[in-house]
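As written, the chain order gives the labels A, B, C and D, with residue 1 at the start of each chain.
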Amino acid sequence: MIITMKKNAPDSEMHAIIENLEGMGLKVTLIQGADYNVFGVVGDTTRVDEKLIAANPHVDHVARVAAPFKKANRLFHPQDTIVDVAGVKVGGQENVVVIGGPCSVEGEEPLLEIAKGVKEAGGAMLRGGAYKPRTSPYAFQGMGSEGILCMVKAREKYGLPIVSELMSESKLPEFEEYVDLIQVGARNMQNFDLLKALGKSTKPVLLKRGLSNTIEEWIMAAEYIMAGGNENVIMCERGIRTFEKYTRNTLDLSVIPILKEKTHLPIIIDPSHATGDSKLVESMSLAAIAAGADGLIIEVHNNPKCAWSDGAQSLTPPAFAQVIEKGRKIAQVIGRDI
Amino acid sequence: MIITMKKNAPDSEMHAIIENLEGMGLKVTLIQGADYNVFGVVGDTTRVDEKLIAANPHVDHVARVAAPFKKANRLFHPQDTIVDVAGVKVGGQENVVVIGGPCSVEGEEPLLEIAKGVKEAGGAMLRGGAYKPRTSPYAFQGMGSEGILCMVKAREKYGLPIVSELMSESKLPEFEEYVDLIQVGARNMQNFDLLKALGKSTKPVLLKRGLSNTIEEWIMAAEYIMAGGNENVIMCERGIRTFEKYTRNTLDLSVIPILKEKTHLPIIIDPSHATGDSKLVESMSLAAIAAGADGLIIEVHNNPKCAWSDGAQSLTPPAFAQVIEKGRKIAQVIGRDI
Amino acid sequence: MIITMKKNAPDSEMHAIIENLEGMGLKVTLIQGADYNVFGVVGDTTRVDEKLIAANPHVDHVARVAAPFKKANRLFHPQDTIVDVAGVKVGGQENVVVIGGPCSVEGEEPLLEIAKGVKEAGGAMLRGGAYKPRTSPYAFQGMGSEGILCMVKAREKYGLPIVSELMSESKLPEFEEYVDLIQVGARNMQNFDLLKALGKSTKPVLLKRGLSNTIEEWIMAAEYIMAGGNENVIMCERGIRTFEKYTRNTLDLSVIPILKEKTHLPIIIDPSHATGDSKLVESMSLAAIAAGADGLIIEVHNNPKCAWSDGAQSLTPPAFAQVIEKGRKIAQVIGRDI
Amino acid sequence: MIITMKKNAPDSEMHAIIENLEGMGLKVTLIQGADYNVFGVVGDTTRVDEKLIAANPHVDHVARVAAPFKKANRLFHPQDTIVDVAGVKVGGQENVVVIGGPCSVEGEEPLLEIAKGVKEAGGAMLRGGAYKPRTSPYAFQGMGSEGILCMVKAREKYGLPIVSELMSESKLPEFEEYVDLIQVGARNMQNFDLLKALGKSTKPVLLKRGLSNTIEEWIMAAEYIMAGGNENVIMCERGIRTFEKYTRNTLDLSVIPILKEKTHLPIIIDPSHATGDSKLVESMSLAAIAAGADGLIIEVHNNPKCAWSDGAQSLTPPAFAQVIEKGRKIAQVIGRDI
């Protein structure tokens, strides 16, 4: 941690800061310049609240050198974490995992048909939303518990682990009972009460990146879950909000090598929400695999134009099968498989 | 609503769409071009799910003409809403309301001292965080219920209505009992379960704009609360996330005239979180008042360098008093007061 | 300057860096931590190329403590620069200067009529585009030299100094002969050849902030002009590009106090381009004055609906007069005038 | 084009607009709603200035349905454009073209060494900056003409066509004489005088996307060059500016399928400037190829830690060779080659 003091900061203030930090077991070195004085602080600075230091009016700037996360940090946990989702392994050098399914569950019949398509195409898990975060209170809000039970039926029939989004701690018991991989949506990435509740769960968590959250904030959200005791976190990039409006969001594939360097957690890509456009899903899926993603989560619907939400970004089962087929060849080039 | 069909969309598809929309009581007009066919749809399109229409592969683009919100819409509710917060009126041509207080409640003694400063300076309400959304699980998470009770003490002593942030529906009963104005923080602006719970509350809600939410999404979040029956919503701009990193966020003051045109709700400005820098608070406060804001919410601490969070952006009570004094003169120029 | 070395950087590399920096007359201090080694570098680091240091694979991160600009730096030039534009003074505690005029010059007659309105309303200078940066090659590109001559006629008749945008070094002689304040548009803020050419000019320059340029990049663009010898630079904020699309750009008024702290240059605000909406111009103008702006540049047209470009954001002369009238009262509250 | 009129727009205004548009040979249809009236306009709207229409105070909103570009439009030019750069073909189903070389030319010796590495690795062209756009006036500005001559030497020796950035129209004759592919940098993407000058050149142009320019603005910049008569434009994505600061910019690979759909021009990717980090270049290169890019432009330096600019993002020749080797296998999976 580097603390830059303002010109003319009184010695008494500088000593107070030094004492305070040394009292926390940290080592402090002073660098004196003509216009600035700078402290270098070394040791375990994870628990130092940089805002508290920056609040001192004699402090110009505080910068972290060490990352503010520990549990998720590759530095302290060099081997890849492989998350086991009801038998499907995600991460490390395991096969690239492709998850498919509808944005919203719309009933048992249509879900089973889609699940069949996902299974036959080579999909490894089934996704489906039962509780839906919708911008408008007047839009379809999801089937709720009934939707979860449809997912369970599909799992029974096709043997695919199921993924669904949890929007409130109050539904966690239901998800712990029925769902194999609990998704935290982009809008709830910093719903800290939800993250804390998941920290006490034993189910693996799929943590989507928030619409405009930095990579560091995203890792810190994983750290919330891990600090609670649940280390089964899979990161999921789904596009960030930028000035560009041609796509719904801007897919940031550079997070794949970055997360692999900074953390030991698996990273999967959601090209459907990132682009909002089914025509772009295949090329972004192949790109993600080439860049080293551990998996994909893709919206699949057998009749996209009748989908109750997000049909515009859904693939039909044959298109989904084609992504897997081409993706497999890409995966093989970089030493993996699907 | 304008629906642009792709070139060569079959007539059968176009008729299916027309029938569907007419079945919802809407009026549809077709415009035929050489390269495109366009439908104009008029009537109450609030409940039309545009994603569902856009999902049709023959549809190129769907654009709303009418706003997707009703309860918050100035068009259907021309007079200003004035929200009564335990006797303090916010909105319309009422006085500009200045809310002050610490980011986090740190104990009864220090809070009472700050509350005294806020009261003497002419502040109209007291803010104070008891449950704190913090990026790091290792940072101070707030005093919880104890902090709420400190706020209650300060209200008893100084007669200031109290404002605090609610992070989870599970704490709503506590807030309904004790808090006068319930704040929804930026990170929870699209925590739809929380919004729905607040829709059933009778307490006024201070709805902060999300870090990267559009004005329309923000109004839709208000619409969630209002659709549930609670029309006492005060909007609060606190800066948006942009590429610029000199300030913590970029304060978007243009929302003041925009919200006044599109909605009938009061709008207040938070210059402390927007800038993250106490040196910028005064000028942004004066600017907000000049632009027509109904209020300000400002962080105040009597010893910012010892504040447990966000000290760098806190004003001392004398600096806060100076903002009110200068702000009052600006308010008088535009026909209001503080 | 703070240089963070990677864990396990060899001593030889660290010594090479130290020697190199000491050879430039800088003082280097080493801070050793368990996981990192950090150098603090003090002295005149303006000419150190941080990218060159960051290129060393053993270096983790380079951060500047001192600002990379000198000529524009308030630290080395504490008193306000007041720029004299053909007798109109801009900056310091001088009157707030309001510049009005059409986006594009459309002919002598209409320009004279607008100039009359600007003059009568109390405007201090006349703006008008003769060379227009247009997104489409098929849109009106401006009247060119003929437009400049219309501006000159208007100056002769109404005594207002004239402001116009220069798009290419090749036209600089024309501008030096005729124009009083040479505008660099947002799209050319980092057209470094243009900035260098202006550094050799004696005419004052109005430097607009680029669409997505940081405050530091903007000051560095001013530094280009000043390093060439021309210290008469007026900064102009005109909105930045963000995710929000309701306004054309997001007006960042916090730059007013920030530039006043970091530099000694005058700062004016362009609410017309920032918002793209005439309905928002008045409130943003008043906000800018309240925040301490040294001036405003506002689009004025006597028949906005027939304007050849940007009519949607133009005020009529009476609306412009009203902004000045209200703005004057705000200016007086903060100890200035218009 | 869809024109939404405000509620209560007088009939006379609506007729005036209709007459005006019909006078331009367009067909206008009126759709009447309770709260809005909407015009649908069909025909060649490329030359309609939407700002002029939006300026009418009775108009609420103007939206284009047809794209505002023609020459670059896939709709009017269905076959892929293949640009011939001194014998190297770019676009269509041609081989993926990999361009390598230093950010800045630093002298003949070092350039020849790098060129040798690029050639041996399988690179198809040599890049090298002679005129450098640098944020600071105190940073190295490039070798100028001397640098161009070094590039010519390298071409003579290794037979690689050369690519260099043009910053000012005044140097166009020099570039036309010596350079094979003239680069327009991100900062000059909307330097319209430069684009117009290039429209009259016969040399192919590499048009980088601006830091925060939309896809449409970028295509319109190509349209400027093409409208002038030069149809040899290669588009180059180099990352956009977002809130995320871990990478220098955010690489937007979705532009690959989007440009392929909307235009017929080749698209290449610059992973070096996009990420600013050599560790991320390989994975982003492979991703780009998998997504269908027609080429890559990569910074290569044989001693990155001594590079005069941007060393941190440069690959060594062996690392560059490895990217080509792996990239070739990815290309073969999707039916191309390198």
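Operating definition for what follows: contacts are C-beta pairs under 8 Å (C-beta built on N, C-alpha and C of every residue); 3 or more make two chains touch, one makes a residue touch a chain.
Quantities reported herein were computed from a predicted structural model and do not represent experimental measurements.
Common neighbours of chain A and chain B, listed by label, are C, D. Distances between chain centres, each the mean of the C-alpha atoms, put D farthest from chain B. Inter-chain centre distance (chain B to chain D, centres taken as mean C-alpha positions): 39 Å.
Taking the mean of the C-alpha atoms as each chain's centre, chain C and chain D sit 27 Å apart.
Each chain gets one centre point, the mean of its Cα atoms, and the points for chain A and chain D are 31 Å apart. Residue positions 212, 241-243, 245 of chain B are each in touch with at least two other chains.
For chain C in complex with chain B, the touching residues are 212, 214-216, 240, 242-247, 250-254, 256-258, 261, 274-275, 279-280, 283-284, 286-292, 326, 329-330, 333-334. Residue ranges of chain B in contact with chain D, taken from their complex: 2, 4, 27, 29, 31-36, 38, 40, 42-43, 60-61, 63, 65-66, 75, 212, 241-243, 245.
Note for the complex: chain D touches chain C at residues 46-47, 49, 51-52, 54-57, 68-69, 133-141, 167-170, 187-188, 190-193, 195-196, 211-212, 217, 220, 223-224, 227-228, 241, 304-312, 314.
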